[in-house]
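Structures incoming, each one as structure tokens.
What follows is chain A paired twice: with chain B in the first complex and chain C in the second.
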Partner chain A sequence: MSGLLDLTLTEAVRATRSGSVSTSELVSAYLSRIGRFNGPYHILLEVLEESATQRAHELDALSASERDRLPLYGVPVAVKDNLVMDRGSTTAGSRILEGYRAPYNATVVERLERAGAIVLGKTNLDEFAMGSSTEHSAYGPTLNPWDPTRVPGGSSGGSAAAVAGRLSLAALGSDTGGSIRQPAAYCGVVGLLPTYGRVSRYGLIAFASSLDQVGPITRTVDDAAVLLRVMAGFDPRDQTSLREPPPDVSDEASVRGLRLGILSSYPEGVDPVVRATLDHMTRALADAGARLVSVDLPDPTRALAAYYVIAPAEASSNLSRYDGVRYGKRKEAEGLYALYDETRAAGFGPEVKNRIMLGTFALSAGYYDAYYGRATAVRKAIADGYDRIFERVDAIVCPTTPDRPFPLGERLSDPWRMYLSDLYTVSLNLAGLPGLSVPVGLQEGLPTAVQVVGPRLSEPLLFRIGRAIERAAAPMPAPDLKEGGAA
Partner chain B sequence: MRLSHEDVEHVAALARVRLTPQERERMVEVLSSVLGHMEVLGDEMAGERPLSTDRINVLARLREDRPCPIQDSGRLLALGPNTRAGQFVVPRIVQDI
Partner chain C sequence: MILDNGAEVIIGFEVHVELKTATKLFCPCPTAFGAAPNTSICPVCLGHPGVLPALNQGAVHLAVRAALALGCRINLLSRFDRKNYFYADLPKGYQISQFDHPLAERGAVALPGTSRQVRIRRIHIEEEAGKLNHEGENLWTAQSSLVDFNRAGIPLIEIVSEPDMRSPEDGRLYLHSLIRTLAYLDVSDLRMEEGSLRCDANISLKPADFEGDLEDIPRVELKNLNSIRSVVRGLEYEIERQAALLDAGRPVMRETRGFDDASGTTLSQRSKEAANDYRYFPEPDLPPLMLEAAWVDGVRDALPMLPDAWAARMAEYGVRAQDAEVLVSDPALVRFTDAVHAQGAPFPEAVSWILGDVARLQNAHHLPYGEGPLTAPRLARLLALVQDGRLSGRMAKEVLEAMYDNDQDPDVIVETRGLRQVSDVQALTAIVERVIAENAKVAEDFRTGKEKALAYLVGQVMKATRGQAEPAVANRLLRERLTGGGSQ
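What follows is the complex of A and B.
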């Protein structure tokens, strides 16, 4: 593998600014790797080779002082295909948006490009971000770079696999119930769910608007901090955008004196490797000076149930816009309602239909109070539960997922079993809290990870703990991609 | 809770999704199974104040009401699968008398 592809984001910016590497060389190295491995691993749905190459040439022509003003000068990034861009297509992994060409850029894309980043392409995802394996993409699954017989997680599986497999230096994902953190954990990279409202959702194709958040997927915690600083900040085009300045980037990595919450119990079914990894890491953090405090997370099983009422309910409303009239695919039929029914029947895949049906049921007359009403009350109890925990601890260190990358096809016929993969991630979206998944090495050839959870707007603290975890963990090697994929 | 075929058909009509007989069969099983796991939401939560009324909406704010540039209508119309004379074409919904 070319040494260029081993540079972290921070190292790459230093190299391109100094001129020791041109942005064209860097982009070309990534495009060449995409050319070799995107076919077998199915990571990017669209490669924007022409615009990326052209942008690299433009950036190469900048003066030294102009380069220094761009915090992401020459950084190749991949963008999840539910974020719109004014070039290429945006499918959200769905047939109903096949060939859709958005007329504008998402705020996050605009901010990254303004900071000097170069978009290499759009990454695969579960249809409309609904899934935990990328197997629900209408365009076929992405394979895990560590073991192509296993899933990369989801729904941002393409973004996580791109960063892990060195098909991109960094990537954007979206996280509604774990869709950045779970694939990051499965692929051995860093994934951040920012505080709700920290990053603009303008230009993110809506799944569940009170839960959706855009975040970075990177190889190191420092890289995630640099990206978040560029992505974050108030955007008048998103009604839920916080009037908070972007967080500062530091290199602090000490956990001395911090009170870290660790779980006093685990529900049944948590993989012993996950527990052992976490125990090992929390001992290392204690050795580094952190004080460990036992905590009970707000009931994860109840959080999961509440999430799978609220998210589908919001999705059923958000996805009502796909009706074959203003954009996307259309299936002609006699009469307006038949046009809607036929277009949606042909355009949506099975899991999206499951969720639209579930959400419509939960909001329907006679069942609203029993399902949606109770779920929103549980949501409040969960948020209150976290408030109480954060009176006693500074942050929580817990699993990202209860399990490890599972074989392709294993859970497709059992939706609840698929949903269980989100056991430790959904409650943060319900409460609007930030969470950082940090890889801690390989076990039996597959990545393992831990999650750090903090109060609202505590991302700098999460990065600090994340750096300490990185230092205590075994370094992550690069996966050995096979040109034949799973063959 | 176990849903019947009629329940699924009713919800599909509300959701504006036409299901094939096989999909309807599958949906009865999938929805009934998932709803079974929702029982943990618990009766004691009935009547509790939901989150949406306080914590999430506090984030929402209205922007100043002033004119701003919008997308060119020609570009937006170009996205439509069937357009004519600057308008989206839909099947006739009002019949001639």
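What follows is the complex of A and C.
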């Protein structure tokens, strides 16, 4: 069985198309792994066993030529629970949406399923994707597959842990300030933040609309490229989606002649292991023919400050709709306003309330210019800063996170340290740029990763550099999950 | 309008107009009025998690038409913003509107019958909220409230005037003129009673000795004005109320007041409204609205002729001003009149028929102008028959009525009924002589000065010709014969 679970996406599609493995076999292998380990690691909030099994049977019945038209034929995927589906419930990790059954499918889910993918279940996340550890899920944290005493990162911690722990072949995440890349780095898998607008947001439960983007989490760079090709493209239901053809999939892995930006300095507090791993990798890329150019990123701490104004501001507005009247969980009370108050008081967790208050304040009359207005100006300056960097280099290779998976509970009472784990990720969301996190092996038993950043729509280039990194890095083994979890 | 205490009345309007699109502003739900509650809804207009707005280009087209007709400059780049507030009829907790960069600015509406105009400050696009039905007074005190989201997401334009009106009568003229212009564009149903057109009035009194910015005078926003009559009554009441406050040396509060139709007074609604901070910010789910100059020019070129231009044209052709005013108040009426004119009928004659018998008959048959048996070519033909002297006015009326009954061309009706006005002097002379001979006594009466006797003889001539004699000719011939004058 473990052989089946070790197949990459590309290998699995080849095997199922040829009939050497049926999609039912593949799906049931994953479902039984979920059955064993989902309890202790708390990775999926809901397992869609019945619909997945049924879909696998339907796919098995297809003819060879029908199979060949489905680029994700029989691929089991897990979907972050802030992407709506017309099956099961969609909670966004929040009590306020407990038991919410969405009346439609998110565009990305629709596209994956139309391409032959099979959704195994919905993955855990920080409530409304607000967090960097999955500890802010109203349904309890997910454990890191490499070390169950540590966080998997967040907010797409469930998706990253599912792919790392072989509970799914691939997964969808969403990234508002690092929510795909940081957990991918913490779990030792590949995570892509696509260019803003590359992938439709229709059906993604909004956190901060101008920053949110859906992306793939996979075991290999090739797998991410195959998924992105299916996910990407204009969607008339999302008018911020780009009228760009989906990027081609290639196997190009040469960095010869590429100008790669490397950081000239690191702020205090960057984990020495992260630095050493990165230096090692950039030297390997130089050996493979890349030209390293020193660059300074637009000030990451200013980016973090701007992010923590803009994201809560948009969130405060996006979360106004949850009042317990039309859908979601209602707290009955005397009178309409009491019902609103109590529903929201009981339905939202503390981190979400913090951000609603922060954002409401930042948009208030008299404070707008000082907060939202200035943050918007900083955002523009960051985007301009990247434009200038990309006049000199083709891409940047930098840390995904300044740190490595931290112990559960360590930062819950220290939000600023929690926010710092997004130091190298948030500025890409602010600038709308793509970023790819690629694992580079285990150090002291924990995964580390590097991030490749490119100009808008440069995903094919990021995949090419990502493949070179994969080849230069130690291969990632599979984590040894324990049935007892952290116990 | 200057009050006894020297204060000047300052009035401005915010008018919301529902656009007549087939579907809502951001989703494909139909917009039909009167559907069963909560049947024209979808995840988007209910504000379900994960949905996004997709702008209806048809609404943009109608909004641009309206803005151009009101003389506005179109901003080729405008933006959408979120207006955040919490209310039970607002599914998302915010309304998508336009704040800093509206669709159009700087237009004007002429006040009919004056040489003045009211400037339009801006026109922007926004979405409608749902509709609440309370079992009780309002959301806070009702036993229960029901919400119908059919209306949520219907496209609106908000037309904001400058405070250029100086009396309730100015306000009435402004709304009349605004609605009349919009009626030509077919962009909205414009029904105040159904809420497809709503207006809020801002009113303040500028004391005689006030100098400075009008914005600094505390003004009252008047809501719940469901007819033009309510607008006038509400404004009149507010002028009295505010003037009394000023006379008593008490301040006028800046507040929102609702007009109460039953009592004709206004009541403060301020508490809940004034505290709102809408926390506007750019709508991240919609890209800026970019319009091409050539497209806007195309919309401008396709605008129909508007009421002011129609009135000028009518005047040129000799239509009386008050008739022209009646004609241009209804675009179907003016278009019908113009079509009759285009078929060769002179304007003044056409107008007098249309405002008379045609109006009566169309109304009696519940037909809009231009629809039903009376087409413009038929009416023009009828008028031509009168013009040629072939039909008398009375015959023409008969033919007109017959057209409604039989749906036939006037010539066919004239033919089948044998209608033909006899104005041929030779043919009539014989008949006149016969009538005089047969009514010798009456003829004698006339000769001895009984003027009335002539009318009887004319009647006899008409009778003898089965009504086809032209009365004026019969009259003239009789007079000649009886007085011995004449051309023989």
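Criterion: the second predicted complex is superposed on the first by the 486 of 487 C-alpha atoms of A that agree within 3 Å, B and C clash if a C-alpha of one lies under 4 Å from a C-alpha of the other, contacts with A are read in each partner's own complex, and residues count from 1 in each chain.
One rule holds for everything that comes next: a contact is a pair of C-beta atoms (placed from the backbone, for glycine too) under 8 Å apart; a residue touches a chain by one contact, two chains touch by 3 or more.
Everything numeric here is computed off the predicted structure, so don't read it as measured data.
Contact with chain C, but none with chain B, is seen for A:Leu204 once the two complexes are overlaid on the shared chain. Look at A:Gln239: by the touch rule set out above, it reaches both chain B and chain C. In the overlay built on the shared chain, the residue A:Gln443 is in contact with neither chain B nor chain C. In the overlay built on the shared chain, the residue A:Thr360 is in contact with chain B and with chain C. In the superposition on chain A, A:Arg302 makes contact with chain B only, while chain C stays out of contact range. By the document's definition of touching, of the two partners only chain B reaches A:Tyr196; chain C does not. Within the superposed three-chain model, A:Thr8 lies out of touch with both chain B and chain C [touch as defined at top]. In the superposition on chain A, A:Tyr340 makes contact with both chain B and chain C.
When chain A is checked against chain B and against chain C, the one touching more of its residues turns out to be B. By the document's definition of touching, of the two partners only chain B reaches A:Arg374; chain C does not. Shared interface residues of chain A, touching chain B in one complex and chain C in the other, are 100, 103-104, 210, 236, 239-240, 316, 320, 323, 325-327, 336-337, 340, 360, 364. Chain B meets chain A in the complex at residues 3, 7-8, 11-12, 14-20, 23, 26-27, 30-31, 33-35, 37-38, 40-42, 45-52, 54-56, 59-63, 71-72, 75-76, 79-82, 88, 90-91, 93. Looking at the complex, you find that chain A touches chain B at residues 100-101, 103-104, 196-197, 210, 236, 239-240, 242, 299, 301-302, 304-306, 308-309, 316, 320, 323-330, 332-342, 344-345, 348, 350, 353-354, 356-358, 360-361, 364, 369-371, 373-381, 383, 415-416, 419, 430, 432.
The residues of chain C lying in touch with chain A in their complex are 43, 46-55, 82, 84, 86, 88, 91-94, 139-140, 145, 277, 279-281, 284-287.
Residue ranges on chain A touching chain C, taken from their complex, read 82-84, 90, 92, 97, 100, 102-104, 106, 201-206, 208-210, 236-240, 313-314, 316-317, 319-321, 323, 325-327, 336-337, 340, 360, 363-365, 368, 372.
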